[in-house]
Each structure stands twice: as C-alpha cells, then as structure tokens.
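Below you'll find a set of structures to go through.
Look for subunit A in each of the two complexes below; its partner is subunit B in the first and subunit C in the second.
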Partner chain A sequence: MSVLYLLYAFVVGAFLVGFGMKISARVKRKYGPPVYQPLMDVIKLLSKRSISHGLVQDLGVWMALAGSALLVLAIPVSPFPFINLDLIAFVYVSAIASLGVALGTAQVANPYASIGMARALMLMLGYEVPVLLTVVFFYFSLGTATLADLATLQKEGWFLFKYPLLSAGYYLALLAEMGKPPFDVVTAPSEIASGPMVEYGGKYLGFLVIYAFFHTFVSTALFAVLFLGGGTWWEVLLKQLVLYFSVVVVASSFPRFVSEKAVVYQWIVPSLFVILNFVVVAS
Partner chain B sequence: MASGLVRVALAFLVLSFALLALYRNICWVSIVPAAFGAAIVFSLSSPLLLFVGWEIVSWTIFFSIILRGSSGGTESVPVVASRKNVVYLYVSFAALSAVFMLMWIFLSHFSYKSPYFYLAVVASVIKGAIIPFHLWLVPVYSSMDLSFTAFNSAVLSKLGLIVILLPLYLGADYSGVRNAVESFGLEVNFIRIFILLSSFTALYAAYRAVLTEDLVELLSYSSLSQVGYIFAGAFLSLSSGKDVASMALNGTMLHALNHALVKIPFFMLAYFVERKYGTTSLSETGGLYKKSPVLFFLVLPLAISLAGVPPAGGFVSKWLLYTSMLRAGYYVSFFLLGVAGVLSFLYVYRFLHSLFFERLKKDSLKEDDFLELKWHFLPTGVASVMTLIVGVKPSLVTNLLSSAIPEPLSLNVEAHLPTGSIAFAFLLLVIFSAFLWKISADHRYVPDTDNYTSAAVRLDQNPEISYDFSYGFYMPLKRPFRWLCYLNPEKLYDVLWEYLRDGLSYLRTLASGRFTDYIFYISIFAFVMLFVGKVFNTPCFLMIRKIFSFVGGG
Partner chain C sequence: MKAGVLSKIGDILGDFINWARSNSIFVLHYCTGCGAVEISPTLTSRYDMTRFGIQPVATPRQADVLLITGYLSLKTLKRVIWAYEQMSAPKYVVGFGSCTINGGHYWDSYATINLLDLYLPVDLYIAGCMPRPEAIIEGFEVLKKKIKSGEPGGWIDYERRKDWYKANQRRLFGDKI
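Coming up: the complex of A and B.
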C-alpha cells in the first residue's frame, strides 16, 4: 500500500504541476502546455544522457528524492498507511530533502548554485518562524500537534474557519515553502539561472522534477490535513486542487521579493496573523 | 541512583578521552590534568572535592592558553597581548564562579542538602557560559590548542550540567533555585528565568555562528548554542511533572552525548586545517573532499546530527527537548530553541561547503600533509556510527543510561517517536532512488570546473581565479537582524563598565587619607548590613557574620 501511495502522490503531483502551468499560462493569456506535460518531461529527462560533477551530486539527488517520498508517507490520507509524526518531527524530516539538494549543489563549483542555496537556506529561516508559531498555537489551544490528531479534531469544523488568521499565516508561509512568487528568489531564473538547479541536466534534472512533484503533493496535502480536515484520498485531492489553484493565481500576480525582504516579510506578516489568532483564542 | 549517574558520567569521560586519543598530535599536557579534574567533579564525592576538581580544570585552561603561545616566542606582540586578555577574561569568570561555589560550600557545611544550593547553580550557569556569562567561551576556545578545545567542548562544558542535576540524584535542596529571594519578600521562579536565558543563549550563539567568517568561531558558537539546549533541558527536568521531566532529562542526556560525538571530530578537523592551511578563515579553506572523499562521508552523519536532521541522533534529542518544552508550557523558550535549530542547519551547511567543496585558490600543500587525515577515519567513523545508533534505536542508548536516570523518569523514546520506521523507510527509498538512477540513461563525470559559468573564465586553465561564492555567505541576514545588535549581551558589559567607572571615580574622591573618615564609612556599612531590612539571612551577611565571629574568636 505504501508503494501505491507513492505512485498516487507522484501522479497527483505531476498533474498538479501541469494544472498549475496551464492556469499560469491562462492568467497571462497564453494557451499553455497540456496538463500531462510534466510527466512527458520526466520521461524525456530520465532517458537523456547527462553529466555529473561527482558522487556527492549523485547522493544529493537520491537524498532529495528519498526525503520527499518519505514526507509523502508521513501525510495521513485515508486509506493509505502513514508514519505517525507530529508537526515538529515533520519539519525536521522535510530537511532531509533540502539537505540532499544542498549537498548536490555544494559539489558543483558554480557560484550561481551556491548563491541559490544560500538564498534557499535564508528563506527557510523566514518561513519556519510562522510554522514554529503554528506548532505553538496547536499545543496551546489543542494540546497536540500530531498530524493525525489534528485531522481528527476537525470533524466538527475545519480550522480554516475556526482559526482563519492562523490559516492565512500558514498559507503565506506555504507560498515561501513551495518557492512560488513572490518568494521564488531561490531559483530566480533571470538572475541566477535557476540557482541550485543550474548544473542539473538529464536524469539529474529528472530526479529534481520528481522531487518537485512530491514536494507539491506534500505541501498541498499538509495544508489540507492541517486546516481543511484531511479525509479520504479523493477529498484531499479536491482540496489540493482548489488550494493549488489559489497558489498559482497568487504566484502569477506578484513580482519577486529580494531575499532579505522575503525573509523579513515571512517574519512579520504571517507571524503577525498567527499571533493575532493567539490573542483571539486567549481572550 | 547517584552511583549510576557517577558511572555514566565517568563512562562518558572515558569515551570522549578515548575518541580524542585516536588522533595524532593532541595536547596531552592539557587534556590529562583536565580529564583528572573532570573525573573528580563527575565522581560527586563531596562538595569540597567537587570544587577542587572544578578548579583543576580552570587552572588547566589558564595554563593551556598561556602555554600555547610559548613555543619559541615567534608570535607578534599584539597576538601575545590578546592572549593575555583572554586569560584575564577567563580568570574573571572563573573567579566569579569559584566565589559562588565557595559560598555554597562554606554556608552549607560541605553538604549537598542545604538551602544554599542555588549558589552552586549560579556557579554552574557561569561555567556553562549561559548569557550573560558567555563572553569568555569563544575567545578561550580560539586561544587554546584546538585538540584541547575539542575536549573542552565535549566534556568540560558539561561540568555545570552535572551540578544542576544534583537535586534529582542527591536530594539537593533546589527550593532556593526556584525562589532565591524569599527573604526579600519576592517570588521569582528562577528556573523559568534560567530556561529562558539558556534558550536565548542557544539562539544568539547560533545566529553568531551563521554570520562568522572563521571556522573556529563557527564551531565555538555552535558549542555555546548546544550548551544552551542542554542547560534548558536540565532546568526543565527539575521543574516539571513526571512526563515532561522524563522527556527533558532523556533529551538532555542524549543531546550531551550527541554534542560530544560531533564536536570532537569537528574540532580535530579544524585543528588539521589550522596547521596545514595556516588559516581558519572559511573563505580560504576548501578542497578537503578531493583530498579525502572518505572523510566527507564519515563527517556527513555528524553534520546531520548537529543540524538535528533524521536519521541522526541530534534529531531525537532535539525533538525530546522541543516536545517537553511545549508540554510544560514554555512556549517562548520552545520558539527560541526552534529558531536556533533552523539556524544550526544554516551554519552546518556553511561548514560542509567551506571545508570540503570550496576550491582552494592555491593548492601548495603536499600529498604527505594529507596522510594525517587518515588518522581521522577511525574516531570519526566510530562517532558517526554511534550518532546513527542514537538516531535509529535510541532505546539502546537510553537503556545504557538507565542506571543514571531515576526509575520514574525513564522513557521509551520509540513509543513517542517512530525513529526506526523513519530510518528504515528512508533507507529503502534511497536504495530505490539509486536503483532508478542506475537504470536511467547513462552519465559521465566531469571536473567541477567544467560548469555553466566556467567558459567565461576558463577555470581549468586559471585555477587561481577566485570564482566561488564563499565570502559573506549569509550576509543578507545581517541587515534584517541588525536590531539584534541592540540586544547584544556584550553591550551590557560596556554599560556596566561605564557605570562602574563613573562610580569608582566617585569612590576615588572618598579616599581622603584621613583615618576618621574611613572609620565613619565602615560604621555606615556595618549599620546597613546589620540593621536594615531583611538582609539577615542573605549569604553575604552570613559570610560577614562568620568572618566577624572568626576574627572575634566567638
């Protein structure tokens, strides 16, 4: 069943990304590629000869893929089995994939890659603050931050409506965590030539694309579990589609923050929303 | 239970000493007496002997700083002067710590069970370099032989920890630690303050580690940050209910172990870099991966552990500390520790990137220089395996520690955190990823100089061209956090010194040279001490009373 879950996540992630490309193109009055284009890209990339700068770059892509797949197995979606983690453990497990990308980037002697990785880590410092405040909020008001428990506690009402400010704060952090505009300073194609991914081609880029599929699935599914009640696979899928649609529309509408402004924004705005929800609940 | 703690502490000392002894060129003349002093402290035989061991360690540190500069007098005057300043700095804090220890011993009549135990706790906090007593740690670590710094960071920084945990083992009276100012009619929960200070130490030190450009400073600030974690957990285990205390105590002990396993190899690597490269600047080191790829893969689990990422041991100990903080309701402390944890990921990456993957501008080192790296393989490998065991099967380690943990506080970590499942799933997924990589299209390896940007500068033909992003790696973080400079604890000392200087200049005017004036001043002082308010039971007054009665023979 775990293998089926991973396959399901792969397919859903690919179609979410394709769906996003279509919506983004339509926002810009273009036609856009077919929704299945990302799947075709992965097949093409995995079949292309490529170059590598060393064993650490190879290990990096393995860790990135394995880490993102491990996160899929931690999201409670019925009827798939999952590893029961709380939000703190989930945040640290998500660092495995980031570490994999970071290691692969470290081996290439391309300054664009290093700049991109430095930006990625700084941005992580930004969006982790509202996530930590969210953990504190859950412990403060509910006494738990275990993903399965949080999904179960929403049977009488989603947290999106019960704690709207908290949801809004986490949504802004989600944009940064997914690397979507206005927080796409990490890849910044016109500045640093895709940043950490500049030296990845062929099957290595294919691995990173699969990592992006899993990452998209995990980010949207986590929000669905934390604030939209979770549920069975098709309920979560519907919620992910709506959520990702909103993310893509926002991403298509805003220019990019510079790295320090992105960090400061994450420290102030979403954190303020979470703290305000604290005040509301405490009063 | 106390004997169990003694056994575990001594075993920890022996393990750290044995790991260090596997390296070449370690500073035996400093490490052996310091280990002897630490053994006396860890034996918990009596408060006086504890103090003796404490001071042996302090004096070893004094002499190790001085002796480091005495090899042929080749150092410049400013360097010698700066080393003397470091000695004075450490002497000041060590003396302050010793004063509190002596007051505790003297007032408690050489017993652990006295209401003055809080004085020993303050001494431990000073020794542990918790803010605002942290000024000495980084300069001292940078001024000693780095092999001794490794031992200092791994073992000696835990001396204070064992004193803080005494209430759990020897029935030391920590009611005064909760409220040391009852005699003034105040109610202050000092444990909460210590937890908050320790958490702020972890955050502040991690921030400084991210922004520094020096390797030894990075590791020193990292040590300070981890000590903040350990002390926060130790204080939490004193102050909370059974469930929270068991998590906090197990987390503290595991974190102390993980910290030692990580810092010994890291400081020894810094020692190698300092001797072979002649510098510890992060932008001027690099290329270690090409010289020794095996060492990188042995160091990687330790780096992952320091960052708190699974499946290494640092993840387990940090998770236990975070969860116990949240369950006890210490939300601010959890937040500070959480941000410190994210910052640790940043400086660990900088450490790996700068040391192993940056291109050396001028590689004038010989092949023989790197033969010494082979001596790092065994101890680094042992430390890596141990930290992975803690991360995958923490119950093995907590069972070994069980004699040191009071029965009501023992914990089955795996019942709370599925470490085995995480590690097993991750391993399977890595194997699957490698398999997918293997069956995908072919690939070839190219030098790292053959990249997207190299065509413009032909890095393969011009190796001396610096085209790495190495200096100011996280410089954009300085600007958003410049407000933190206003919370800089070092400035507190500048302000205190200004007030002291102004006060002392006033006192200078009181030095009139007339005997009658001095009698008048002493009378005023005695009047205040003897008759004003609720000072009768303060340690200061009791000390003065004991001195007077000793002098007066009654």
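Coming up: the complex of A and C.
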C-alpha cells in the first residue's frame, strides 16, 4: 500500500510539473510542451549511459530519493497509510533530502556546483525562519502540530481564512522552499549553469528529476493539509492543482532575487507576516 | 516460442524508449558564432521549440544534442571536443549554418576549420547562412525521426573510429588534445 502511495505521488508530481511547464509557457504566450513531457524526460534519462564521480555521489542521490520518499509517506492523504509525524519532525526530516543533494555535490569538483550548494543552504537559513515560526504558532494556539490533527481541526473552517496572515507568510516561504522564482537562486540556469545539478547526467539526473517530482508533491500537499483542510485524495489533488497554478503564475512573472537579498527578504517579509499573525490572534 | 515472445517484448520496449528519446531532446547550444542570433527566437515565444519537446540545458553532462551554431575557430573547437566527450552516451551533434559544412564566409581563414565532420561525428547539418527558425525546427524533426527509427547515431561511429577522429584532431592541435 505504501508502494502504491509512492507511485501515486510520482504520477501526481510528474503531472504537476508538466502542468506547471504548460502554464508557465502560456503566461509567456507560448504553446508549451505536452503535459506528459516530464515522464518522457525521466524515461529518456534513465535509459542513458551515465558517469559516476564516485561513491559519495551515488549515495547522495539515494539519500535525496529516500528522504523525499519518507516525506511523501508522512503526508496524510485519505485512503493511503501514513506515518503520523509532528510538523517539527517533518521540517527536520525535510533537511535530509537537501543534505543528500549537498553530499553528492560535494564530490564534484565543479565550482558552479559548490556555489549552488552554498546558495541552497543559505536560502534554507532564510525560509526556515517563517516555517519554524509557523510551527511555534501552531503549538501556542492549538497545542498540537501533528499533520493529522491539524487536518481534523479544519473541519469547521480552513486555516487559510482563519489565519490569513499566517497563510500569506507560509506561502512566501513555500515559494523559496520549492525553489521557484523569484527565489530560484539555487538552480539559476543562466547564471550558475543549474547549480548543484551541473555535473549530474544520465541516470543520476533522472533520479534527481524523480526527487523533484516527490518534492513538488510534498510541498503542495503539505500546504493543502496545513491551510486548505486536507481531505481525500481527489480533494487534496484539486487543492494542489489550484495552489501550484498560483505558484507557477507568480514564478513566471517575477525576476530573480540576488541570493543575499532573497535570504534577507525571507527574514523580513514572511516572518513579519507570521509575527503579525501572533499579535492579531493574541489581542 | 518463449525466446520469440521475449524478443518481441524487447522490441516493444526498445521502440517505447526510442519514442521517449525522440520526444525529449535536451539541447546544449554551443553558441560559437553568429548563428546564436537565430536560437533565441526559436526557443522563445515567436517559434517556441519547447512544444516539440526540445529544451535548452546548461551543461554538457545533461545534454543529448550538441548544437554548434556557426564557425569554429581552433581554440573553440578544442573546447567543443571536450564538451562533446563529457556528454553521456546517446548523444548527437547538429552542425548549424554553412560554416560547419564548408567554412562559409571563413573558408580561407587560417584560424577556423572548414568541415566539422572530420573532427566530430555530425548527425545532421542545417544548411543556410543563417538558417531561419523554421529550418531549425524542420532539421530537428528530421533528427527526431532518426532517433525514433533507432538508427545508430554518430556517437557509435565516434567510438568505433576513434583513432581516425583523434588523428584528425591531432593534425590541428598537435599532441595537446
């Protein structure tokens, strides 16, 4: 059943990424690739020959995949079984995947890879402030932060309408967490040649693309569970689609931040939203 | 009987993989010469190459197709060969513009090469000075058909006749290649 859940997450993630490519193309008045383009990319990449740079790179790829698969299994989507994780444990586990990529990148001697990874870890310092403040808020006001409890607490009203400032803050942090513009400093293709992925090719890149599918699924589903009420699989899928649509529209209309500015922005604007939410709820 | 079924399944799987390969082409556009001017409208809104599954990537490791746009000076050719050898295996080279076929404008220059095919296995030439975006898309359609039919690409030739290619390269660069 868990394997079925992973398969479901893979398909939905691939569909979301393809849908995002199409929407982003339409915003730029292009026709855009077909929705199943990411699936073809994965099949092609996995069928290529590839070059390993060493044992640590191999392990890093597997660590990234395993970390993201663990996160998928922790999201409560109705007919599938899940591990009941606390939100704070969730944030903690979500670092495993990025650290896996960092480990694999450390093996590679390409300077672009090191710059990209340094930026990724720096950006993490930025967006984890509003995310952790959100967790603290859930503990203070509701006394619980397990994902299943949060989903059931929203039976009478979504947190999106109950705590709009909190949602806005978390949404801005989500953009950075998903690595979307204006916060795409990590994989900036025209600037540092796709950053950490610079020396990955063939099957290695294929596995990283699968990791990206899982990552997209987890980030959107987590927002759907935290603020949009969760629910059965088709409700969550609908919410994910709407959310990802808005993310892609924002992403394809804004240029990129300078990397230091992105961190400072994360420290100031989304964190301020979350702190204002504390003040509003307390008064 | 059993072997026949197995080989049939293998054929179907091979066709499927060839279909996926032909519909997902990652291009490293190595903008050596003036041909780079025609790449931007082909990629962006006006002609939109991405609707055919052709996407630009940033590094040779990720790429399937090395698109060489325009003349190659000796210094650039050396880098192009390095980039080509970094790409992972089903890989293709597309020569773009008349400079890669016969030297074009620069046919009697001391600093450029005249025929790319001597140094790298070119799968497809797109002729013209410059070829228009329509011609580029047409050329990629031909390449896609070639990949889909499972025809052996130039990279196999490069592995098989490596001595010949290396000898040609050595004639230009000496032993520094």
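Note that the second predicted complex is superposed on the first by the 283 of 283 C-alpha atoms of A that agree within 3 Å, B and C clash if a C-alpha of one lies under 4 Å from a C-alpha of the other, contacts with A are read in each partner's own complex, and residues count from 1 in each chain.
Assume a residue touches a chain if its C-beta (ideal position, glycine included) is under 8 Å from a C-beta of that chain, and two chains touch if they have at least 3 such contacts.
Bear in mind the structure is a predicted one, so any value in this text is a computation, not a measurement.
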Task: When subunit B and subunit C are modelled together on subunit A, clash or fit - done: fit
- [ ] Based on the superposed arrangement, let me know which partner A:I51 touches: subunit B (first), subunit C (second), both, or neither?
- [x] both
Open item on the list: By the touch definition at the top of the document, which applies to A:V198: first (subunit B), second (subunit C), both, or neither?
Closed with: both
TODO: Figure out whether A:P33 sits in contact with subunit B (first) or subunit C (second), or with both, or with neither.
DONE: second
Task: First (subunit B), second (subunit C), both or neither touched by A:V281 - done: neither
- [ ] Name the contact category of A:P189: first (subunit B only), second (subunit C only), both, or neither.
- [x] second
Task: Larger contact residue set on subunit A - subunit B or subunit C - done: B
Open item on the list: Just to be sure I read the superposition right, which of the two partners does A:A25 touch: subunit B = first, subunit C = second, or both, or neither?
Closed with: second
Task: Contacts of A:I43 with subunit B and subunit C, given as first, second, both or neither - done: second
TODO: May I ask you to decide whether A:F140 touches subunit B, subunit C, both, or neither, giving the answer as first, second, both or neither?
DONE: first
Open item on the list: Minimum CA distance, subunit B versus subunit C, superposed model, integer angstrom?
Closed with: 6
Task: Contact residues common to both interfaces of subunit A (with subunit B and with subunit C) - done: 47-51, 193, 198-199, 202
Task: Touching residues on subunit A, where the partner in the complex is subunit B - done: 2, 46-56, 58, 61-63, 65-67, 69-70, 73, 83-86, 88-89, 92-93, 95-96, 98-99, 102-103, 106-112, 114-115, 117-119, 121-122, 124-125, 128-129, 132-133, 135-136, 139-140, 145, 193, 198-199, 202-204, 206-207, 259-260, 263-264, 267
Open item on the list: For a test of understanding, state which residues of subunit A touch subunit C in their complex under the given definition.
Closed with: 21, 25, 28-34, 37, 40-41, 43-44, 47-51, 189-190, 193-194, 197-202, 205
Task: For the subunit B and subunit A complex, residues of the former touching the latter - done: 289, 293, 296, 300, 304, 307-310, 315, 318-319, 322-323, 326-327, 331, 334-335, 338-339, 341-343, 345-346, 349, 352-353, 356-357, 359, 417-418, 421-422, 425-426, 429-430, 432-434, 436-437, 440-454, 459, 467-470, 473-474, 476-477, 479-480
Task: Complex contacts: residues of subunit C adjacent to subunit A - done: 16-17, 20-21, 23-24, 44-45, 48, 50-51, 53, 55, 57-62, 64, 87-90
